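Next up, some structures in structure tokens.
Consider the two complexes below, in which chain A is the common component and chain B and chain C are the respective partners.
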Partner chain A sequence: MKRILVACGNGIATSTVVATKIREKCEEAGISVTVTQCKLLEVEAKADDYDLLVTTGKFTGGSVKCPTVGAMSLLTGINEEATLNEILSYLK
Partner chain B sequence: MQVIYSIFNTILDAGAVVMLPIIITIIGLIFGIKLSKAFRSGLTIGIGFAGINLVINLMKDNIGPAAKAMVENFGINLDIVDVGWGSIAAVTWSSPIIAILIFAILATNIIMLVLNATETLDVDIWNYHHMAIVGIMVYFVTKSVLLGIFATVLMAIITFKLSDWTAPLVEDYFGIPGVSLPTMSALASVIIAYPLNWIIDKIPGINKLDFEIKDAKKYLGIFGEPSMMGLILGMIVGILAKYSVANILSLGVNMAAVMILIPKMTALFMEGLMPISESAKKFCQEKFKNRKFLIGLDAAVVVGNPDVITTSLIVIPLTVIMAAILPGNRVLPFADLAVVTFRVAMVVAMTRGNLFKNIIIGLVTTAALLYCGTITSPVLTQIATSVGLDFGGGLITSFAATSLAVSFLVYEAFINNPIIWVPVLLIVFAIIWVGVVKYQKKRNI
Partner chain C sequence: MSAIRFDKSLIKYFSGEMTNTEVLSQMCEHLQSMGIVKDTYKEAILKREKIYPTGLDCKGINIAIPHADIQNVNEAAICVGVLKSPVLFNIMDEPDNTVEINLVIMLALTEAHGHIDILNKIVNLIQNQDELRAILKSENVEDIENLIKSRILN
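Entry: the complex of A and B
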């Protein structure tokens, strides 16, 4: 079971969109994951317990150990597939 | 006829938890979503409302009496509780006129795009609640659906124009091209930040000031963690209420719980609305596929900027202190301290990250939130009570809705002599519009 942390400005709006899309994609690909949402402000305190960090904006706010993917495309719908595949590549 | 009437009444009597699934299912069907999916969306949102109601009750039982005791003990008159934008958004989505307002906003956006009056394609249906709540409050006060729709449409026009105008800032400062941020919770700060920034730049000496705080996150990071903020604030209120040690600790943990649980419940709203947003996005992107436009996104995409975070971490504790000492303020800042980043994001972009200016302007922005919140709280509380979010006679507010400067101005114009103030507002807005267009033309030559 891989653990993914999805962070956005308030841990509610855009992260829910991204988290839902990641869950659906992983389900299709047959990868079991737990997706947790949080605020960008909390990332540094939380990220160490996760395998992958996905942010909905530009995250330049600090150092985390796990790989990080920016997922703006899942909000705009442009190049959505490429980003989802990048996320999957970290989970295999 | 009698049957339809009694069905309608039964639903109305059952309150928001029943109204919401029905309204959202209907909106979903209009957007072309399958019945089963639309109903699931509606039910999810109904569940979200029930959840928010639970948390509000937890809050009411805990902070309500403590806030009263605080007034009696020390005369700290902070009896209007900030229940968070999510709770207010829940109230907004439960309004009987929400469906009309959603389509009015979407229609405004499409018409403006067709007329080339805006660059922003805003199908972030979720954030429509910022524009809708103003119409709902106007409708509640004036009892006129038409005035309510007008107020919301005006909010929509202002929102789309402000996001057009700030799109260059979003591109230059935050480095995100091709998008704009039609999120009023962030945009409203612009009308305070722009003139203030201009004035500060004109004051010799002051305009050169700037400083840096290294490791702000290391020392102030605690103000960015909602659970810690809830715990600390809860305990401070408990101490000021002269509670016993056991009760102080219990208030702290319960308030930490509120801080964490409100966003979780609000997320259910977002989850339920997602299929509707997605289908609106597909519809509009196909309609306008030959046209270049800015995609409207939630301002959440820019608040990860380190300057925004540093500014917020300093502004958050200062806002709490300010709330206690500002004469006339009655708002106890609480749940929305977690979203101060949104309120200062545009300020930071406008000053290009000058920390001195960010803190000054940021504090003026939060002071405005406190005052606008104090003034508009009674009506907001009545609306919340009418859809079943009851705070037991206490007053509520948030850092959203009409606490935002722009929303406040539009709301006040519509409820006090709209015949005079609405045209005044329109003229001022038109002058700004013309001014911005001239400025942009000059810059492009």
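Entry: the complex of A and C
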């Protein structure tokens, strides 16, 4: 089971949309994941427990060990599929 | 799923040269005057916008989606600001850069990880440039109300 942390400014709105899209995409691909939401401010303290960090908004909170994907495209729709595939590539 | 309040009383028009702080302040004050948000909401929105801006560069009609923590909100609602002249907002993933925003969709949310259905529908609307163009071209507030309701409250 891969663990994904999704972070945005408040951890309540855009991360909800992004988390939903990631869950749907992973289900389609047959990949079992848990997706957790948080605020960007909380990322540095939490990220070590996760396999992948996905953010909307710029993450400047320090260094994390796991790979990080920016997911603005999941909000704007521009290159959304490419971002979802990039996310999947870290989960295989 | 909890209901979310939206009707034409939650649509505001702005024209002329304005800053994003002015637009956001007036929208927050409107929500506060209706009792939808607490008096802490405006400060939370303005502070958040400075640290984590909410402008989305959709390469056309561009949208900002300001929102604040749930403890600042009494009742879930959406307030829409129609900007007759675009207003510069900083971009969510490039906070040092700005984008001309045409429509502000302010979210007053009461569930931290809820409102999934409505948030997904709002993002679908944000991704539909034709619908956004129709909203901006609408001559009257009822048309905008109906367009937005049909897309996100159906």
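In this text, the second predicted complex is superposed on the first by the 92 of 92 C-alpha atoms of A that agree within 3 Å, B and C clash if a C-alpha of one lies under 4 Å from a C-alpha of the other, contacts with A are read in each partner's own complex, and residues count from 1 in each chain.
The rule is short, and it goes like this: a contact is a pair of C-beta atoms (placed from the backbone, for glycine too) under 8 Å apart; a residue touches a chain by one contact, two chains touch by 3 or more.
None of these values were measured; they are calculated from a predicted model.
Counting the residues of chain A touched by each of chain B and chain C gives the higher count for B.
Once chain A of one complex is fitted onto chain A of the other, the partner contacts of A:58 extend to both chain B and chain C. In the superposition on chain A, A:72 makes contact with both chain B and chain C.
When both complexes are overlaid on chain A, the residue A:42 reaches chain B alone and has no touch with chain C. Legend: residue contacts after superposition of the two complexes on their common chain; A:14 is shown touching both chain B and chain C. Comparing the two interfaces of chain A, the one with chain B and the one with chain C have residues 8-14, 16-17, 20, 37, 40, 55-58, 72, 75-78 in common. Residues of chain A that touch chain C in their complex: 8-14, 16-17, 19-20, 37, 40, 55-58, 70, 72, 74-78.
Against chain A, in their complex, chain C makes its touches with residues 48, 51-52, 54, 56-59, 65, 67-70, 92-95, 107, 109, 111-116, 119-120, 123, 126-127.
On the side of chain A, the complex with chain B involves touching residues 7-17, 20, 37, 39-42, 44-45, 55-62, 72, 75-78.
Listing the residues of chain B that touch chain A in their complex gives 86, 126-127, 174-176, 178-179, 217, 221, 224-226, 263, 266-267, 270-271, 274, 277, 281, 285, 295, 297-306, 309, 312, 338-339, 341-342.
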